[in-house]
Amino acid sequence: MRKIRVGVNGYGVIGKRVADAVFLQPDMELVGVADIATDWRIQSAANRLPLFASTPDAQAAMAAAGLRPLGTLDELLERSDIIIDTTPKHVAAGNLERYRTAGVKAVFQGGESHATTGHSFVAQANYESALGRDTTRVVSCNTTSIVRVLGALDGAGLLRRARGVLIRRATDPWESHLGGIMNTMVPEPTIPSHQGPDAQTVLPGLDLVTIAAKGAHTQTHNHYWTLQLTREASRDEVLDALRAAPRIAFIRMSDGLVALNSTIELMRDLGRPRGDMWEVAVWEDLVTVQGDEAFLTYQVYNEAIVVPETIDAIRALTGTAPDAATSMKITDDTLGMRSDFLRPAESPR
Amino acid sequence: MRKIRVGVNGYGVIGKRVADAVFLQPDMELVGVADIATDWRIQSAANRLPLFASTPDAQAAMAAAGLRPLGTLDELLERSDIIIDTTPKHVAAGNLERYRTAGVKAVFQGGESHATTGHSFVAQANYESALGRDTTRVVSCNTTSIVRVLGALDGAGLLRRARGVLIRRATDPWESHLGGIMNTMVPEPTIPSHQGPDAQTVLPGLDLVTIAAKGAHTQTHNHYWTLQLTREASRDEVLDALRAAPRIAFIRMSDGLVALNSTIELMRDLGRPRGDMWEVAVWEDLVTVQGDEAFLTYQVYNEAIVVPETIDAIRALTGTAPDAATSMKITDDTLGMRSDFLRPAESPR
Amino acid sequence: MRKIRVGVNGYGVIGKRVADAVFLQPDMELVGVADIATDWRIQSAANRLPLFASTPDAQAAMAAAGLRPLGTLDELLERSDIIIDTTPKHVAAGNLERYRTAGVKAVFQGGESHATTGHSFVAQANYESALGRDTTRVVSCNTTSIVRVLGALDGAGLLRRARGVLIRRATDPWESHLGGIMNTMVPEPTIPSHQGPDAQTVLPGLDLVTIAAKGAHTQTHNHYWTLQLTREASRDEVLDALRAAPRIAFIRMSDGLVALNSTIELMRDLGRPRGDMWEVAVWEDLVTVQGDEAFLTYQVYNEAIVVPETIDAIRALTGTAPDAATSMKITDDTLGMRSDFLRPAESPR
Amino acid sequence: MRKIRVGVNGYGVIGKRVADAVFLQPDMELVGVADIATDWRIQSAANRLPLFASTPDAQAAMAAAGLRPLGTLDELLERSDIIIDTTPKHVAAGNLERYRTAGVKAVFQGGESHATTGHSFVAQANYESALGRDTTRVVSCNTTSIVRVLGALDGAGLLRRARGVLIRRATDPWESHLGGIMNTMVPEPTIPSHQGPDAQTVLPGLDLVTIAAKGAHTQTHNHYWTLQLTREASRDEVLDALRAAPRIAFIRMSDGLVALNSTIELMRDLGRPRGDMWEVAVWEDLVTVQGDEAFLTYQVYNEAIVVPETIDAIRALTGTAPDAATSMKITDDTLGMRSDFLRPAESPR
């Protein structure tokens, strides 16, 4: 069977991880990545990736920098069945028409609005609704984590209402010499923040309100939730619902994983590429249930969490896996995704 | 009328501010501060404060450092009607018996448990219940802010249930070269955190749960609240309840006060001693009401917020002001407390 | 005698401090400050300062924000003998011609190049050369500190060559929610950095090379120097030369002042407005002499160190104090400048 | 040929990296790692490493935590030809006698004093002098980098005197929730700092003085050097000397590697395990030569730089490679060490 020919437009935080993940998929071929940068970010990849320039100007600049792009975005589109657009917010939406004209399917990222493609994607929630579509949008890191966790409780019939406080990392490590925040917190200027409505583009029925702020750290978001349950429930019921859901992994204060940096170091110790964590890391021993309320906290590795969703979106649009379970199994196996970072794997779910 | 003779045991973050505030009170005299340190923290105060040594060892060390303590804690107690104990957590409770034996009333700080004195104090909530007592405990900075804000809404009959996320500063600026956190967040190891029950020592009826974590900044806590109201209410009703309460000041994103550091700089610009903010700073334009729910965010200047409460506690224990309003007016006038940092003062409340 | 009428154009980090310092001078009158902002930065000052708008647009915006500017920059210039330009880098140089046309003398700040005014100013080094000039430039915080410290050793005949590493604060506290750096250091992209040549605009004979970088903190620069002396010297000779120089204050590790934040807290404890330190704080016990080499470290409070120099520059341009000593005495007395923050003042120098 | 049986005592920042590196060596076998921890740090390794308990108490604790240690340190020593001691500073020296008694050679780390073993080791500088010894000490990360870089210039006959400012990372990422520094810098309390004399334990002839401080970041030290050369030299001569030396890699501002975090991200992009950088990264375009002086800046990845040295020390003590070149070639090939992270490898040196 012919492999899906995947192009990546934008070789940044998400783009480089998607490219690496595509490499690992047995049913995909990375036909190229396009970008406009010419510095270390591209130079370090030039030897191992088919490189294209996003624009003719970039092609000239790349050549001047000693790089040898194989063409421009046009040539990349010719070779691609599907393009993953990971360009910056103001650029991506403008590319949509171009992809349409070229007859190439396209996956956008969470920086774009739902309206851009009319479809928003989280694999475990709505894979099937994307089957055969021309375009979709993988929702943002924060929203993906919300859909995974709240979706798990909602799917188990436990969730009536969710109120969350999201403390976001201020900036990504690679760019933390630019535009970071220092010794402060920056609350979002409106309550509710946009993540609530954004999650509702995937799970329309959720009753949720989010408050967001930036914290003075560079890695991983940290969400704190107060959940009104549909009924009095036991802590085990809540834990079971989370445990049964994919792409959630438990961590524990009692194992010494007591702060965001502990989990980040654990990923390094586990040999994860770039130290990535694709799972939502829920603190199991902080899951607290009081009557018909539950409280929980989790950690979102914003640089990587949407990578598996993007891989699944490729299969959904191209129709090469018939359902979420089929696609997610391939994705999760190739990445080495886990449901618990320290305990032996449970029996298959 | 004879002034209340006030001693301060422990010249740290709180102790030095209490000493300064006592200086400003027309009905109080600072008879001395006691500590064990001999370094810049004491040297910078030695010229302008009557200095005592907390222990005989400290007295010798102070003398060796060229300081001239007027005696030890025993001598300070002899001269005091009341002692403000701002010593570290493990030290304070042990001093209680000593104060009793010396026949000196005592105010403890929030690091101590409620059980130590059997009474916990926030001026606007329960001043009268402390009248004539021998001891009380001014609750912690976080708890004080909770009692002020939630107490205002509760007093207005609006509050049914409160769920809060408290992002604490990691350490104080003076000691941020020791024991800080870097580029991470540290969630409290249990949910609920202790601040909820602590607030209930002052306002027993409140239904509240708090989740807490440390953020990577050194100044001011930041609280995020989801409030279940007793009924559908308008935003103005909520704002009015807050506006009517003492020691709460509004700030606004629309005035450019968009982050913790903005407010901190404003305090410096207002000429506040040490840049202190004794008020809880509530973001007025982030107060959001949806049906019977309200959401709000405020900033707590942890180094200073309990100072006015401590001053009022002195009057309550010594019975020198008959009610909260009388004491708080003196305290607030001498400190220059405000209900809005930028708008002209409203008519008196 | 008529007071010097001083206007301040630009009410930012430096401008607001200069305005406050002018208030304290017996021979000066603050006739107004001009700015374009309308937010908390101006609102907090509007009640106590004569406010002007830098531009007609700003005047309209200020009025719309409920502020009542007394006019635009033109009106401020009409009332001023001298204007202190503390506008941002790209704005200031463009104002020069306007000040000339208005017949108003002008003091610029270190963001401008030496060529803008043809004269660069540090009071103790070259006050007299500025007497009666129409314009000068107070050099930057880093350069001011270099001229004070190295100038002291040079003046004592001790300095042959200076090599320094300057670790700058990344951004100022008020704006640390914008454009800061996080968990990194950022070396200047060229060696030598510009501070060496900049110091030579005031002390042309100095043989010095500087290397600079930004560190991940928001308050105070920190300089590390390797000094080649003209001869073998004793540590006391070096200390005496520093002690004899104005606007340098000793701090000591042995007093517990062991990190940048310790000194910053000390300024708060000393009751300094905004916690300012106008002196260069040299660690006395880190001054090390080995043969004909000396090593030293000091701390530069970048937000405030040029304020006294700016005040002196006003007197120099207007010719109202005949020499540096006369002007500096008034400035230093009004600000409360010290040669040692903890030890009793020595006999007058 | 029988492989060298290597044990590692202490599975922390260095120990875990040494263990991983031993795995990669064709002539070594990892017979076990011993530690006293039972939390995630050990749990994440337990499946892939032969685990021992450093003490009988730890053995019991490990068993209680569900781990299955193969024995205590005694059993590990029985199986080892050589032990790498990466235990904390106060523990390591006390182990020396125990290793001697067991007849096991031992490599200590830079936290120990030179006197502990009487020999200090940097492969390229003095491999041969360690041949057949029972013990040595791999010097610290800072000292290793100094010996590599200054040793290169000294070996080329270019270096007369070196004066350096070392801005150290404050704490390691895994423990940055404990004991970090926030928004400050902390100068070492003495000048010169200990790194100068420490480098002289390997290169006794060097004339160098170091000044050190901690900066508010968690990854990589940053050194700034002023070098007095033996004569006027060209920039190319200096660059050639550095280029010819092993375990130094050039980075360039002009490639966009403009801050510590850029280089750290590059290591992640290069697929380095844990993002490690074993090379000293010298900014090529910041190397500046003026007459007989040179100035340069480099970055030291403190978590990993001593790992290759430790591997070489194993071969030196066991006499399994006759000279530095032989051992270093194996080490560098297995780790994938580079002389330039972005440019094609030069012809072999």
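Chains here go by letter, A, B, C and D, matching the order in which they are written, and residues are numbered from 1 within each.
Criterion: a contact is a pair of C-beta atoms (placed from the backbone, for glycine too) under 8 Å apart; a residue touches a chain by one contact, two chains touch by 3 or more.
As the structure is a prediction and not an experimental result, all values here were calculated from the model.
> In contact with chain A and with chain D at once: which chains are those? Just list them.
Shared contacts of chain A and chain D: B, C.
> Name whichever of B-C and A-C has more C-beta pairs touching across its two chains.
Taking the two pairs in turn, the one with more contacts turns out to be B-C.
> Report the inter-chain centroid distance for chain A and chain B in whole angstrom, where each centroid is the mean of the CA atoms.
From the centre of chain A to the centre of chain B is 42 Å.
> Chain A to chain C: how many Å between their CA centres?
Centres of chain A and chain C (C-alpha means) sit 48 Å apart.
> Using mean C-alpha positions as chain centres, tell me how far chain B is from chain C in Å, no decimals.
Inter-chain centre distance comes to 36 Å.
> In chain B, what residues contact two or more other chains?
173, 176-177, 181-184, 186, 216-218, 258-259, 261
> Show which residues of chain C lie in contact with chain B when the two form their complex.
Touching chain B: residues 16, 37, 39-41, 43-45, 173-177, 182-183, 255-259, 261-262, 264-266, 268-271, 273-275, 341-342 of chain C.
> Chain D touches which residues of chain C in the complex?
On the chain C side, the touching residues are 163, 165, 167, 181, 183-187, 189-192, 209, 211, 213, 215-219, 222, 224, 226, 253, 258-261, 283, 286, 288, 290, 293, 295-297.
> Quick one: in the complex, what on chain B touches chain D?
Within the complex, chain B touches chain D at residues 170-171, 173, 176-184, 186, 216-218.
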